[in-house]
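Multiple structures are listed underneath, in structure tokens.
What follows is subunit A paired twice: with subunit B in the first complex and subunit C in the second.
Entry: the complex of A and B
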């Protein structure tokens, strides 16, 4: 597409996008490095006392930040929840990756069928899939809690994985079938002439071509699971299986907690996910832009 | 399109069963609850018919919450899709640093709702917020603007924060849809259409229309059923200025222990969402939902 646009407008747009999407997160990084008494003092410049890494030291080693030992400050400002962040990241990683893999494994064949075939019951199945996410999560929490309790899955990662997979699947199927439908029919006609079975057409032709799109869809399932809060909170129980969204919410709801410590926790929670997401995204973008999905 | 004579269970059930497991029984349960008086504080669960629904619809907050939710959806969903599409189109260009911009755009995505709320409270906070600080430094204002304390501004603030959280997903999918366009179509268009607007409208847009419709539906649903971000930012206030319908379900069920009324609000939300989806897909016909 047009690559000859005015470099000034390009720069301006890029700066605006960066400011809007990245700005609040940059603020959080800054906040994690500056003690509260500077943050909350309107008169003081932000850099009056320089930057310090006390918050980070506390999360990883448990050593109290100097500021709170010296000023006989409110003990409630230090929350144990901040120290659960690293473990909860591991939980979130396991849960979200499983939900992502399951979504692709279970969703891709169905999406392929919806995109390419006519069969009895197609309309009804599709309608069921697109209507199911209509029910708000809040309304489902109690019955699903009871159900998982009877299956003995409360407080386990398996239970949360099951719920997250099911919540993302309708979107996975819908989005993937848009991509499968976009593929040129001639490809598949050739396959039928060669007496390829349906599975071969799917496995040998559709899947490899759709790889970047599958990456994008998988990313979506991953993020849906990673940031989901309501089910994760109710189903995870005590500390053991708690994912990062629950721990961070506990920290954020605590109105006494130190701003700088809160920002530290936010930043620690962001970094590993961001690295992972950017890596997958790079793969997706490169696949997409290098035209591996030739129309 | 090829025909299959029997229902291809082996291909479909792996996707349909988990969804059915997590919807059918829970929905039946919620439907039952909405027709009974289920309160934690009173034992027994007598059948009350549509009483819960009537009580919800006649209550004072309902109209406010419904209007807020509809306005919120009407403002947020189109904004997300339009901004997301513009950003996606822009990010297909090649320029110095485009890789960095493409990655930074994903940032809002990696943050759970409660955290996004904290970040935006910090931006909008009346006394120590960054926005007011900036405006003061530029000498545009004297005191402080109550971004989260004046009803109108609070509404605008939560819409901005919500749009921020939803942008990355839309950008990712529009970019993916753009990339699936046949390059030859684009080359031909580049020769035929001189204006880039016409090129977008007549060549590119028809190709990504199905995806745009999916995204509008998805974003309308997300906006209509969103609660955690707004709740964490304003608690529904000031007054009822930012009280949304789905927040109301949560409040009825979990803070007032009136599960019957909570389920009744939930079904009202389902009904309105279904109407919304139907209206959107009717207004924007696309072969996606058609029988074909």
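Entry: the complex of A and C
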């Protein structure tokens, strides 16, 4: 008989987890609503001057925060990179969604073949695919850059989408092949008896059964792409194709950005991710778990 | 048949019409690569340049500052069209020796370049020079300053220190009066600033770190750099120094009113005195770097033309026009950066400009700043200096906090410099 967990211990752990996960989000929200002069003054209460939305107004309209309109204000701390955040979120959404779709389109059939059929070079190609993520990404930057340049894809979202797809594909194939391998062989034997082709077996039998896992691996690919920085930075060129990871790095790693503005940008960048996580995380975890343990 | 005849006639007519048009200048598109500071201002400057130079278009690409050099090298090695770039004093020798960039005399009349260079502060001119040739014109330039809190010193009845010994005495007096750590120091061995600040202090004492043949001199106990490291170790051991990992943390730390001195880039003074966000804005001022000569370290970032652009006559002409617009007379763009954004500049005549004096007067003594710029000296940059600096900074960090001796640190630093010098000479 399993003992019941102590509610105090559970509550304490839950509070700690909430503090470490929700704390930074809350801090960035607060920081975005409080002027710098209050944030940086240890002698003042956080709410001494109330809350304002100057940072948000600047990001979306370009209107300088009120404090920086003062005659003696140094406007060097107002980085216009913050104004790229909304457009970069759109770019990230397009890139990550495309990488997700391509991963599913390419990864699911590949995983099915690896899981259920024998063909020459299967072991070698599977090993190659699975071990390829072990190559340090930094070692691939130069060849990929030169390759995309020769294809005329530098500075385009397409180039980043292709690279992100390639980076996530081994994980997609690995996770889905585990799931397909655990499907009962009788299902496919019956399909063969009913004159189903390999493609039909995949399309009509394997795919519907694997939908939760496919959705989960797709979302995994989405998240890998959404948070990827190095290739996005090198390949995106100008702001037109730049995803949010690169814009946030520009803000966070530059020292001449107002704290309030940085917090505003962080919060704007976090919101879509938070919404997405809340909506689909459970689905992702269940899907991945079913892929790994169902048998 | 009839339709075909009509089409052929129309084509001929169109062709002859086009041939009859007066010759138009061929459009040149320049690729301008920058780190992403104030892109809207850069874009606006580009718009003005394009309006003044019909036929030249400028594409702007930006990278984040920490990844800038790697990204740029990747672009150049990958033969991505790149014409004008932001350059840094520490990268210039490596870029020049690798043939990534071209001396300005390859794209513009030498006399014109000399005339522009004559207006540039000595340290900034050195920073844009490699192998005796000028490779760029300053985008912005700055010095490292000794900054103090006027109010704290006045309240304690302490005169502004002029030597490092006086800094110690002032700090000890403040400590005795209840201020725990009177000096805030950017202590981060990962940052080039960490070494730069040390060099600035050594320059204040009048130290030469290297001779004309680039032999290290700092391992000599009589050298100012050696003495300054000993001073730092002493100040640390007396509990006078609070370490902060970055200048961005020094700004709020100084604004607590719990510290009186710091040594940072001058632009930090602008941030410290920023009424928009700093509670003690107005309390901070710069003083000449303590020491016998009051010299300090200056640096310049510059507009540089790539070898690719210099080798293509049309792009070379356009690239020079862009560089001259951005950094040349009447220094409109440099002045704009100074007035609107508080960026430093290498063009000395701007220290006399009324708009600059008015804008900068809000956070600094412009006259003092101008004098400091004239006294400032450039760092020593070679093809291997960034490699050496990365080796030396951790040694420096250990010596400051008493984990290594000053003597051994300087000896090891000099040995490594000599090894690298030999290694690079035989390349």
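The criterion applied here is as follows: the second predicted complex is superposed on the first by the 254 of 295 C-alpha atoms of A that agree within 3 Å, B and C clash if a C-alpha of one lies under 4 Å from a C-alpha of the other, contacts with A are read in each partner's own complex, and residues count from 1 in each chain.
The rule is short, and it goes like this: contacts are C-beta pairs under 8 Å (C-beta built on N, C-alpha and C of every residue); 3 or more make two chains touch, one makes a residue touch a chain.
This is a predicted model, so every value here is computed, not measured.
Chemist: Which partner chains sit in contact with A:270 here, subunit B, subunit C, both or neither? Use first/second/both/neither.
Modeler: first
Chemist: In the superposed arrangement, which partner chain does A:27 touch: subunit B (first), subunit C (second), both, or neither?
Modeler: first
Chemist: Under the stated touch criterion, which partner chain does A:249 make contact with: subunit B (first), subunit C (second), both, or neither?
Modeler: both
Chemist: Between subunit B (first) and subunit C (second), which does A:149 come into contact with in this model arrangement: first, second, both, or neither?
Modeler: Once the two structures are laid over each other on A, A:149 reaches subunit C alone.
Chemist: May I ask you to decide whether A:237 touches subunit B, subunit C, both, or neither, giving the answer as first, second, both or neither?
Modeler: A:237 contacts subunit C only, not subunit B.
Chemist: Scan A:61 for contacts with subunit B and subunit C and give back first, second, both or neither.
Modeler: Neither partner.
Chemist: Overlap of the subunit B and subunit C footprints on subunit A, residue-wise?
Modeler: Overlap of subunit B and subunit C footprints on subunit A: residues 39-40, 42, 142, 146, 249, 253, 259.
Chemist: For the complex, which residues does subunit A have touching subunit C?
Modeler: Answer in residue numbers: 35-37, 39-44, 65, 67-68, 70-77, 79-81, 83, 141-142, 145-146, 149, 154-155, 233-234, 237-239, 246, 249-250, 253-256, 258-260.
Chemist: If you look only at subunit C, which of its residues touch subunit A in the complex?
Modeler: Per the stated touch rule, the residues are 36-41, 59-67, 71, 74, 77-80, 246-248, 251-252, 255-256, 267, 270-271, 273-279, 281, 340-343, 362-363.
Chemist: Would you mind writing out the residues of subunit B in touch with subunit A in their complex?
Modeler: For subunit B paired with subunit A, touching residues are 1-8, 11-12, 14-16, 18-23, 25-27, 29-30, 33, 87, 89-90, 92-95, 97-99, 101-120, 122-123, 127-128, 130, 133, 164, 167-169, 172-173, 175-177, 179-186, 190, 196, 210-211, 214, 218, 221, 225, 227-228, 232, 246, 249-250, 253, 259, 262-263, 266-267, 269-270, 273-274, 277, 288-289, 291.
Chemist: Help me check something: in the complex, which residues belonging to subunit A touch subunit B?
Modeler: Per the touch definition, subunit A meets subunit B at residues 1-3, 5, 7, 10-11, 13-14, 17-18, 20-25, 27-28, 31, 39-40, 42, 105-107, 109-113, 116-121, 123, 125, 128-140, 142-144, 146-147, 162-163, 165-167, 169-171, 173-175, 178-179, 181-182, 192, 212-213, 216, 219-220, 223, 226-227, 229-230, 244-245, 248-249, 252-253, 259, 262, 266, 269-270, 273-274, 277-278, 281-282, 284-285, 288-289, 291, 293-295.
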